[in-house]
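One chain, subunit A, appears in both complexes that follow, with subunit B as partner in the first and subunit C in the second.
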Partner chain A sequence: MATVTLKPTKVPELMFEGYSITPDAFAGKTAAQIAELPGHEGKIHMKLGDFFEVSGNAGETAADTDIVIAGDCTRVKYIGARMTAGTVTVNGNADMYVGGWMKGGKIHIKGNMDSFCGIQMEGGELLCDGDAKNHVGCAYRGDWRGMKGGTIRIKGSAGNDIGTFMLGGTIIIEKNAFIHVSTHAEGGTVVIKGDVEGRVGGQMVRGEMYVLGKIKFMMPGYKKVDTVEKEIDGVKATFDHYIGDLGERHPKSKGQVVYANLYLKAAA
Partner chain B sequence: MPKLIKGVGCPYCGSSCDDIEVLVSDDETKILEVHNACIIGTNLFHHANDPTRPKLPRRRQPDGTMKEIPYDEAIDYMAKTMLAAKKPLIYGFGSTNCEGMSAVARIAEKSGAVLDNCATICHGPSFLAIFDNGYPSCTLGEAKNRADVVVFWGCNPMHAHPRHTSRYSIFPRGYFTQKGAMQRTVLSIDPRETDTAKLADVHLMLDQGHDYELFDAFRTVLRGHDIPDVVAGIPKETIIKSVEIMKNAKFCMIFFGMGCTHTDGRNHNIDAAISLTRDLNEHTKASIMAMRGHYNIAGPGQVWAWQFGFPYCIDLSKGTHAHMNPGETSSVDLAMRDEVDCFVNVGADAGAHFPIQPVQHLKKHPFITVDPNFNMASEISDLHIPVRIAGVDEPGVVYRMDNVPIQFRAVIKGLPGVPSDEELFNKVYERMCELTKTEPIWLAAKEDRRYPESEAVI
Partner chain C sequence: MASGEMIVKGGFIIDPTRKIDGDVGDVAIKDGKIVDKVGSSAKVIDAKGKVVMAGAVDVHSHVAGPKVNAGRLMRPEDKFISGFCRSGMAQKNGYRMESGFSIPSVFKTGYDYARMGYTFVMEAAMPPLLAPHTHEEIHDTPIIDEGALPVFANNWFVMDYLRKGEVENTAAYIAWLLKATKGYGVKLVNPGGTAAWAWGLNCLSLNDPVPYFEITPAEIIKGLIEANEFLGLPHSIHLHQNNLGNPGNYPDTIAALKIAEGFKARNKFGRESVMHSTHLQFHSYGGEGWKDFCSKAKEVMDYVNKQKNITIDLGCVTLDETTTMTADGPFEHHLHGLNHLKWTNVDVEMETAAGVVPYIYDKNVTPNAVQWATGLELALYAKDMNRCFITTDHPNAGPFTRYPRVIKWLMSKKAREETIATMKNSDRMIGLTNIHTMDRELTLFEIAQMTRSGPAKCLGLGNVYGGLAPGMNGDVSVFNLNYKDLPKDAEKIETALQRAACFIKGGEVIVKDGEVVSHGHKKTVWVKVAMPENPQVTRDVSQAFTQGTYTVDIRNYPVREYLAPHQSVIDVNVEA
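Up next is the complex of A and B:
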């Protein structure tokens, strides 16, 4: 494994679109070649070298390349977007589209992330030690095919629109979330370990949701069917099992109507 | 002899009333009387008579005062500023014609700008829901002729669209609705008792910000399932009664407004409303329509979607493709995140309509306003360029709230020397081409639109 270290040298005046910061773009390049990779600040064509000091050469393939950003990327978009293998570690915050459309590899953000992280993700792992803003693992505007695979784990809280139009994969929010969890989803699993304001599973066709805290406003289209013992992400508990969204269309499988399942931790 | 001009379009709200009659002076420079329009529309026409209307661009001086400058200088400043910016933002277009919107697209492309319109703080979320879920809509004529149940969800046309209820939704006698208001059942869903709610047969005073849950409850009842005793502050019986009214309608028309698009959930509220409309169509005929605010705010959606594939929040900074993602490329978000370094406000008032923080961010950079009148944005601008008033002294195509194009006419002669939006933007585009030593490309649907009235206008 070869490690490429990017040290931020300048804060972009606008936002820097660092769509080249992926192991795929770096693979097979020397530090000097990596510094020449393109990016955008508004309409201006920039180079990675304009904002980062690059050290270390990349591995032969994306899978052999580790990228470490030794500093804050609050104003850098598209880190690890569309990557297929390798790792990216950011020792600070990151802006929008972290791991968007990613197919494989691993991203670790040690600070907070902005919106649209992991949108349309198809595989790989996205880990964030801080909070994420809105549209975690969501679909791009107008696309009915959202996140298809992979894992997103946010150790802090997240905003609204988590896993909209989700088809597969797992999203784990270790603290709280605001509104709209798995809206329109047709698969996948969302685990929220804290509290949610509301709108959990609106218009959801199928898929699983686990809420270990409280839901302040329950969707009227969910009906409690039973109480079950389940283990999810290392937590074993008794859950109230709801099915829904009864207001939405639902397909049939083997003669049975398929509903989305919401497991809400039962009050002790 | 004063002249009475009939069949004039009103440049105020999304109803775009086209039955206005305007009495103008013999020399066609003064508006004397306005018939049929609401009080706001009437005043809008009379504004054109204002002798203090700006006739020359004004540029802010180092001491903070505004000084009148010639048009050529203003065009030069605008072209240079936009070319020098890394990412200019062009916002507005609620109150101008489609010709202007089409012309501004050239300078947006040339300067790598973000092109946005008032929908971004208005019905933008409706677009997102339409992308996600479709738009089972109709024209206002159908609403007038067929709808016997009218639902106003989060909108108050009695104030925002004063003639909407009399021309299209509650009172008019249509082909299948010959008894007018007597035949129509009106539902209002609003957390406040608005004047529209007072007119309604049933008013559901829901808890503010819980429209999504209520839509879901409507849909759940419609599919024959049980719901909790109270949803969003509305008792179950009232919800069931309202669903029955909608289900038993011959034609159910849902109008929705800012109460849905700009409360929590935004596009998801509309998304659920569209799903409800689709569900209702299993039982009866139902249709849904956005209560668009300005008379031509549907226009940029039509024009730019044809030009770039997206209706609003269009980021053209790459030069190779358009990118659209509200939340990132929407005006207020761009301003809040300091992502733009030049602001052009056209036919709208960002100074009055944006929250204060984005305006503070935008003010760090060059701020240009193109508007026929003095407004809050023009007064904080570095450059204010006056233009003619579309629909009053400048003709043009506008799109009504139901996306029906209407040709608006000019009722009076424009102020001498003052260009239309289209003429101004074409001049700016030409200047940009001169500065960048490139050939202007005048691809247009109608080639003769380049200088519609006269070469010597400026």
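Up next is the complex of A and C:
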């Protein structure tokens, strides 16, 4: 394994679009070549070297390449977007689109993330020690093909629109979330360990949701069917099991209508 | 139009209007027009070893207007899948950014047409009430000359006059509306069916009566042919038929084509057809349902080939993710029911409606593969290429940027077979179509007929577009193809046609080495009919605006001059 370290040297005046900060783009390049990789600041073509001091050469392949950003990336977008292997670690915050469309590898953000992290993700692992803003693991604006695979774990809280149009994979929010969870989803699992304001599973066709805290406003399209014992992400509990969204079309499988399942931790 | 002289030297000239097929020669341009010769100080464009054709003409494409914008609004992801659109060229040259794939931005529309050597594009369906917006958008589309066809076949005035058999009143109304909307000709979209859609119904056959008006699609089509020829407009009626897209619709298609029998084109513009049947691919299906859905291109083309007063365009499926949009409101609702993707629908007062639904033509889905074959078969069965034009009904069957790919398939059996080989259910598709047995490969001369001389003539523009004869517009496209030694690999034909080596419009170099170097001087082309005042139509129109049938005032209805600043007006005089 080879480690490439990027040290932020300058805060972009606009946002820097760091779509080249992936093990795939770095693979097989020297530190000097990496500094020449393209990026955008607004409509202006820039280079990674304009904003980072690069040290260390990359490995032969993406899988052999670890990227460490030794500092804050509050104004850097698209970190690890579309990566297929290797790792990216940010010792600070990151801007929008972290790990968007990623297919493999691992991203670790030690601070907070802005919106659209892991959108339309297909595989790999995205870990955030802080909070995430909106649109965690959702579909691109307008698109109906959301997250397909992989895991997103947010140790803090998240905003709204989590797992919109989700088709597969897992999203775990360890604290609270605001509104719109798994809207339009047709698969996948979302776990919220804290409380949710509301609109959980609106127009959801299938897939799973677990809420370990409270839902302040329940969707009217969900019906409680039973109470079950379940273990999810290391927590064993009794859950009220709801199906829905009853206002949406649902496919049949083996003669049975398939619904989305919401498991809400039962009141003690 | 540029002043000064220019000469395109030493290319292989392909010009069906003068029956020139690959002869090496020069094309001279002076003051924006083609001339016999120019002086020795003329600017020289070297076309040695390259193919030289006129600028191309697109007879049917949805590139401007409210439904195109509705598509853009509802599909932000279309910009995303178009790839990385920060054109370095645009930035370098100070031109505008381009975005979008199936519903490109106005800039991308103009640039991409120019890169393929297109000089004129007909916007295929303009809702009259929303013509001001359509013209604003046309004006914002750089380079290409454009016209727009207002839709008539579900218009309450038209249906009311025609049910009473009043062809002259219909004609007077058409003349008024063309002037008010700066329109080009008479478009029919699902005659009667879109009006029936306001009642939640449709007209799938030619004899289904329209609710309230009690007129049938057949009567609307016949009446509008009569009105069109009464006026002597440059273009024939432009017909999107009933029962689009459904299995087993081909008998309805032939029945509608037969309505043209016995009519003769009456005009001063060199047009010979009385009916243009558009995106015929969507209307040439057999089968009872989706399981036995099959191509009936042969049956349809057998009729088209012998009926000389009909022109058609293909509407080829390009196997892309695209956005369907049409004034055929009920069809879009039906399509949404099939693919469950997002749908929008608009009703335009007493005139028309529209719907938009994204669609993915998947080569591994048998009906889509059959559609792909059907579009190509239509062209391969065609006998007179001057009556059969290349379109994708942009963006309905695929984006216009795929024309070079359609041409590749038409020119190369090998390319067709390669595509068939990648289909998951190729055997099933082969059993439902004839494409696999067809060996015909079109020539570049035939392609020039289908994209240049043919559509220009059908639009009544054959004296200015689609050829390289002296006096015609100085629109010349040059492609990196050696006519005497065409590449064995058809991919290279596609690449060459996608990005012209040079494109000259009105005597100005617009594209050089595949990149846009000038915004040129675009024009909006429309048809102005002068005819004696028809007091009844004048009264009917003004009443519709004063008695609350329309929601707007008549003063706000027409397209004002400032919305179409660069007009090219075609005058038609109807004598009393």
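Methods note: the second predicted complex is superposed on the first by the 268 of 268 C-alpha atoms of A that agree within 3 Å, B and C clash if a C-alpha of one lies under 4 Å from a C-alpha of the other, contacts with A are read in each partner's own complex, and residues count from 1 in each chain.
Going forward, contacts are C-beta pairs under 8 Å (C-beta built on N, C-alpha and C of every residue); 3 or more make two chains touch, one makes a residue touch a chain.
Because the structure is predicted, anything quoted here is derived from the model rather than measured.
Superimposing the complexes on subunit A yields a three-chain arrangement in which subunit B and subunit C clash.
Legend: residue contacts after superposition of the two complexes on their common chain; A:W144 is shown touching both subunit B and subunit C.
Contact comparison for subunit A: of subunit B and subunit C, B touches the greater number of residues.
Using the contact criterion defined above for the overlaid structures, shared-chain residue A:Q203 touches subunit B, although it does not reach subunit C. Judged by the touch definition given at the top, the superposed model places A:G194 against neither subunit B nor subunit C.
Once the two complexes are laid over each other on the shared chain, residue contacts for A:P220 go to subunit B alone; subunit C is not touched.
Applying the stated contact rule after C-alpha superposition, one finds that A:H40 touches each of subunit B and subunit C. Contacts of A:G123 after superposition: neither subunit B nor subunit C is touched. Applying the stated contact rule after C-alpha superposition, one finds that A:N134 touches subunit B and leaves subunit C untouched. Contacts of A:G247 after superposition on the shared chain: subunit B is touched, whereas subunit C is not.
When both complexes are aligned on chain A, the segment of subunit C among 24-32, 132-140, 276-284 or 420-428 whose C-alpha atoms clash with subunit B is 132-140.
The intersection of subunit A residues touching subunit B with those touching subunit C, taken from the two complexes, comprises 40, 43, 140-142, 144. Looking at the complex, you find that subunit A touches subunit B at residues 13-15, 40-44, 96, 115-116, 134-135, 140-142, 144, 160-161, 165, 179-180, 183-184, 198-199, 202-203, 217-221, 223, 245-248.
Contact residues of subunit A toward subunit C in the complex are 40, 43, 45, 139-144, 249. Contact residues of subunit C toward subunit A in the complex are 74-78, 80, 86, 88, 91, 97, 340-342.
Chain contact summary for the complex, subunit B toward subunit A: residues 85-87, 111-112, 128, 131-132, 210, 212-213, 216-220, 222-223, 225-228, 231, 264-265, 268, 271-272, 275, 279, 317-319, 324-328, 337-341.
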